[in-house]
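The two complexes that follow have subunit A in common; it is paired with subunit B in the first and with subunit C in the second.
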Partner chain A sequence: MRTYILKRILGVVPTVLMITLVVFVMMRSVPGDPVVPLLGDAYTEEDAIKVREAYGLNKPVLVQYAIWLGKLVQGDWGTSILSGRPVLQDVLVRLPVTLELVVLSMGVALVIAIPAAIIGALRRNTWADYTATSVAMIGVSIPEFFTGVLLLLFFSVGLGGLLPSSGWVYLPGTCPMMVCGVSLWGNLQHVLMPAIALGIGRAALLTRLLRTSMLEVIRTEYVTTARAKGLAERPVVLKHALKNALIPTVTVMGLQVGFLIGGAIVVETLFAMPGLGTFGIDAIIGRDYQQVQGFALVTALAFVAINLIVDLTYTFLDPRIRYA
Partner chain B sequence: MADSGESLRMTPRPISGGSTTEAELPVPGVAWPARVARSESPLAQGVRRFRRSTTALVGAAIVVGLVLVALFADALAPRSPIASDQTRTFARPSWDYPLGTDQLGRDMLSRVIHGSRISLAVGVSSVLLALFVGVPFGMIAGYYGGRVDAVVMRAMDLILAFPIYLLAIILMVIFTPTAGLIGTMKVTAAIAIVRIPIYARLVRGSVLSIKEKEYIEACHALGVRDPLILVRHVLPNCLAPIIVTTTLGIATSIIVEATLSFLGLGTQPPTPSWGWDLKANVAFIQATPWLSLFPGLAIFVTVLGFNLFGDGLRDALDPRLK
Partner chain C sequence: MRSFAAALALAIVLAGVTTAGAQKRGGILRVAYGNEIAGLDFHVTPGYEMVWVATNIGCGLIGITPDGKFVPDAAESWTISPDGLLYTFKLKQNVLFHDGTRVDAAAVKFTVERIIDPATRSSMRSFMDSVHSVEVIDPHTVQIRLKQPYAFMLHMLAAYRMGLVLASPAATQKFSPEERRAGKPEAVVGCGPFKLVEWVKGSHLVMDRFDKYFVPGLPYLDRVVIRVIKDPVTQMAAFKAGEIDFIADFSADHVDTLRAQNPRAQVMTGKETTPMVAMMKVTVPADGKPMSKERGPHAIFNDIRVRKAIGCYGIDRKEIVKIAFKGQATPWLGIIPPGTLDSVDVTHLCPYDPARARALLAEAGYGPQKPLVFELMTNTEKSVFSVIATVIKEQVARIGVTANIRLVDKVSWMNTATQDGPFDMYVEDLASLMVLDQNTFLSASTASWNSARHTDPKVDEYYARYAREMDPVKRKVIAREFQEFSADKLYWNTISGSPFYQVAQPWMKDYVYQAEFKVLYKKVWLDK
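Coming up: the complex of A and B.
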């Protein structure tokens, strides 16, 4: 098992290198000169050349990438040309916000989806099933930002500002700056709507997938056997059926990471949260090369980490699956 | 329809020869029953299953309705979607302006109606573009295998290794978002690129199993050339999953387009786009909550229509996928 994880972590390296390299090259093919925002409109060509030299922007792209990589290996993620701040510092400040959002939204998704899927599969073709599948159909058809807008309309406009529509209050102990709003309750108020907005789409997808695989699993012989030997319905469903039904579901959820990242960007933008999503989109649009690289690196790492977690989840769900 | 088929079946079929074209019919003007219970074609079975599903029909109705709205947007919209009227900004919904006006005094109903064009155009054409590139790649990779397969599929894996939004966003920054037709084409291209590998993978998988079938071997024995085998014998047999993925893919593409527009990276104003309108009006959500509601509802109904339609098609064409 440990060798397997080690092997997988080593296997991650080429993927991360590739993603960061492609992003590196792509960002440098964005039209326009990156030094212009730094120098302002009134600048001479001489100044521009000096700045380009100072930041190594005059070197060939692959050389620039090699330099970036060389520094990265030493723990230096580079410094943003535009803001002058170290990229790693910004990423570390913003990572917890996004992590909290994503983890809570997955929680929301699971809390809704697992009961809904079980009811849908066990009471197939009853009104409960129809309700679950219809709501799930609606859920997969609503983009995250519209769910967010509906929540805003309900909680912030309709209920007279019950929940704040934007901004952030940090969890106690995670304040990255000298002064910032810190409170558990305030944090919960701020994260609730974004987490639901991001979680509902996942919940709907998860319900649809899980219901279908539950339907397959409860028809299998080992479930019949479990029932025949007198096992109560609860362990039959939760231990025998659900765990096996989760395997294909987990696979698809792993493939959904790309959408989750997009969803995080959108939800953070809508609710003006200081997370990695807004950091990334601002960096890409503002053409902050160093910050974009940092964002791409975190995204790539998250992408492969989640895929690794998915593969390891299989061993928990089905002990027959073993990685040597 | 089944009943009329029943009575027509009494007409004797020609004893020799398989063809039943109209020229050979004994009675002029009487068509042979298209569907005979015993030898119902897979397509006819699919149509029957599709028509039996209420949700599929609702989806189809939504899709047809939207296409009509997009086609006749100029006639349906009461006003110009881009003409601003500074004397009537933020008008409440009324008889004159059923959905109100936005901060530039533009009629929201007309903007929502015209917005359907961008959503449908990008949704459909990006998927078709991805299809026309991805399907041939997948067929060639699966059919020839070996080094061709390795090269094509590694290229596809390269795209798949990216979180799709990261790639689409960077592509849009490179393309530089603009308004009008060119702007729409840029969004279409960006979404198509991230979706090509989906079709290549799907088709490659089907081709791998189809190429081992006896009828392909028979083609080889008869000396049929590869391009003809691929187009006439392989492609039709992997069509069902392609059609299903395409319909559901349109729904996804519409969401991606709306998301890009919402982030300011879609087709630029003044071209009406639902995602952009939603984003622009969220800023005024406290004062004019209805403005951000309508473009969002439009996106939702459109995506729902394609999802229902796609689900119905999947159940009808390929019940195994259910």
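Coming up: the complex of A and C.
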């Protein structure tokens, strides 16, 4: 197992390098030059040339990438071209917000998907199944921003500010700045609507997937055997059927992290959350190459790490799976 | 000055701003900005959001009131020599920077010279072209000598962009430009009513009351917290729920909804000071190299007949305003918007006249046999740009012209506009203008931001004559002449004013609306 984990971790390096290289080259291929918004009203071609030289933007793209990589190895993620702020510092400030949002939205998705899928599979072709399937279809069809706006209008405007519409309150002990709101209850209030908006679409997808898996599993011989042995329905479903049915679902959950980070861009913008999503989109819009690289690096690392965890989860779900 | 004053007076009436005598001290003002603050080097960083911070952390020599009167800030008095070349400022003796150092004549000299230094790359530098030198007479007296008379020297010092924001020489020399830009609190030192506590990009900016501010008793607020909420729907929800006290720049599209949801809200606006333009490119680089001084004619819009057919008679400005702004803007043609000093309404010079437009196009060789097709670029910064572009597309179709809309992001547009990139026409609202003179940096033939790339020296002559004429009556005459000339040549094609709105909770008191120019919290207090 240890050898497997080590191999996987080593395997992360080329993957992350490839992702950052592709992002690096793509960003430089996009029309637009960060020097223009940086200089703003004071823009002159002479100053622009000097600034490009100062930031090394006049060098060939691969040389720029090598310089960036060289600094990264030394722990220097660079500084934002536009704001002058250290990229790593900004990433670390924003990472906990997005991490919490992604984890909770996956939690929301599972809380909805697991019961809905079980009911759908066990009560196949009944009103309960149809309801679960229809709700899943609706969930998949509605984009995050629409769900978010509806939640916002209902809970923040309609119910007189029952839930806060925007901003962020940190969990106790996690404030990365001088001035933050810190409270467990406040944090829950702030994360609830974004997590639901982001999680509901994933819930719908997982419901459909898990329902199909459950339908296959409950028809297998070992489930029939378990029932024939007189086991109660609950352990049959939860212990024997669900555990096995979860394997493809867990694989998809890992892959969904990428979509969640993408969705976080929309949800964080809507709820004005200081997370990585807004950081990434601002960086791309502003052509802030250093920030874009920071964003790409951290999301690639998160994606690879979560998929590693997913792979390791298989051994828990199915003890027959062994990694050498 | 009358139009600017009238605009602000109207705004104050609209705002219903109170002037109660019993101001309450303390409290936290929660402010929402629609856009991110780009950085905090006040003399260098672009963007209104930065300006609205700079004017609260910094102080200047003088200020300007909504009715256009100049008032003391760090300077207690000033005199202007009869030839208009020497400005002498007497400084107050009790003005301190936030780092404890004194605001003296040396600091003023240091600041002006920093701005003028090309290495600083200050956005204020072009406005200081007239400055010859700065001389320290004594610690509290400073003289600014000009190369030639400049009628708008005080306007410039008070309010062009953020005006002259004084920099602490000690802090400026101690910290790097990057540290200032990044908002390191020790590096961002001003002499204004609030001092910077923290700026976390994408999260918040916090300013606390500066207890040694030179105006006794001010400011009233303990703290100002600025958050960026980009989505107007979220802004409205936060406002309705009482999570924010003030929206510094509210979307015109959503004003009616906000009013309906919050009948007691103070919705502030005034005559527009920002032009909405449909800019047409006049010349292109003759050698194909962007920014080249060798210019050739633009294939479509170099021809004045085509410019007039499309920009003058082919565009129905009233219809655009009705559709894009629900009538909440002024259809306009002049090179400066209706709320700008010395603005003249020349819109009548371009009545909507499709028949005349067709005739001009025919004269220029366009018609069914040779249809005119051009590209209309717009960007994603504001949804209203795309609406206007769509209406223009529809309007020019009525005269047999095809406009293909190209939607790009803000940075791509900026690159194209400033770097002589290829475009035929673009829709945008440009900088807020207090006076006609301020538009020099956007439309003089030598300006980097002259995105039409006209090469007409007559434009520059008008600007120079206007800026050097010290008699306001004669200046007004030049301004009118220039606006008529501009309407005739259409190097600059205004569509309308671009409305600006600010929204405050009923408990936010004594805030004075000054359009985009000033967002000052020093006299604001909270009645709750």
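To be clear about the criterion, the second predicted complex is superposed on the first by the 318 of 324 C-alpha atoms of A that agree within 3 Å, B and C clash if a C-alpha of one lies under 4 Å from a C-alpha of the other, contacts with A are read in each partner's own complex, and residues count from 1 in each chain.
As a convention for this text, a residue touches a chain if its C-beta (ideal position, glycine included) is under 8 Å from a C-beta of that chain, and two chains touch if they have at least 3 such contacts.
Predicted model, so just to flag it, every value in this text is computed and none were measured.
Partners subunit B and subunit C clash in the overlay (superposition on subunit A). Within the superposed three-chain model, A:Ser156 lies in touch with subunit B and with subunit C [touch as defined at top]. Of the two partner chains placed around the shared chain by superposition, subunit B and subunit C are both touched by A:Pro31. In the superposition on chain A, A:Asn307 makes contact with neither subunit B nor subunit C. Judged by the touch definition given at the top, the superposed model places A:Pro274 against subunit C, while subunit B stays out of reach.
When the shared chain is aligned, subunit B comes close enough to touch A:Val140, but subunit C does not. In the superposed model, A:Ile285 lies in contact with both subunit B and subunit C. In the superposition on chain A, A:Thr315 contacts neither subunit B nor subunit C. Contacts of A:Thr212 after superposition on the shared chain: subunit B is touched, whereas subunit C is not. When the two complexes are overlaid on their common chain A, residue A:Ser165 makes contact with subunit B and with subunit C alike.
It is stretch 403-411 of subunit C, out of 403-411, 475-483 or 511-519, that runs into subunit B when the two complexes are superposed. Residues 31, 149, 152-153, 156-157, 165, 269-270, 285, 287 of subunit A lie in contact with subunit B in one complex and with subunit C in the other.
Residues of subunit C touching subunit A in their complex: 36, 38-39, 44-47, 118, 121-123, 125-126, 161, 177-183, 197-198, 200-204, 206, 225, 227-231, 233-234, 236-238, 240-243, 261, 291, 408-412, 414-415, 418-419, 431, 441, 448-449.
Residues 15, 18-19, 22-23, 26-27, 29-31, 137-138, 140-146, 149-150, 152-153, 156-158, 165, 212, 257-259, 261-262, 265-266, 269-270, 280-281, 284-285, 287, 296, 299, 303 of subunit A are the ones that touch subunit B when the two sit in their complex. Within the complex formed with subunit C, the subunit A residues making contact are 31-34, 36-45, 47, 51, 79-80, 82-86, 90, 93-94, 149, 152-153, 156-157, 160-161, 164-168, 177-179, 269-272, 274, 278-279, 282, 285-287. Taken together, the subunit B residues at the contact with subunit A in this complex read 55, 158, 161-166, 168-171, 173-174, 176, 251, 255-256, 258-259, 262-265, 275, 278-279, 282, 285-286, 289, 292-293, 296-297, 299-300, 303-304, 307-308, 311, 322.
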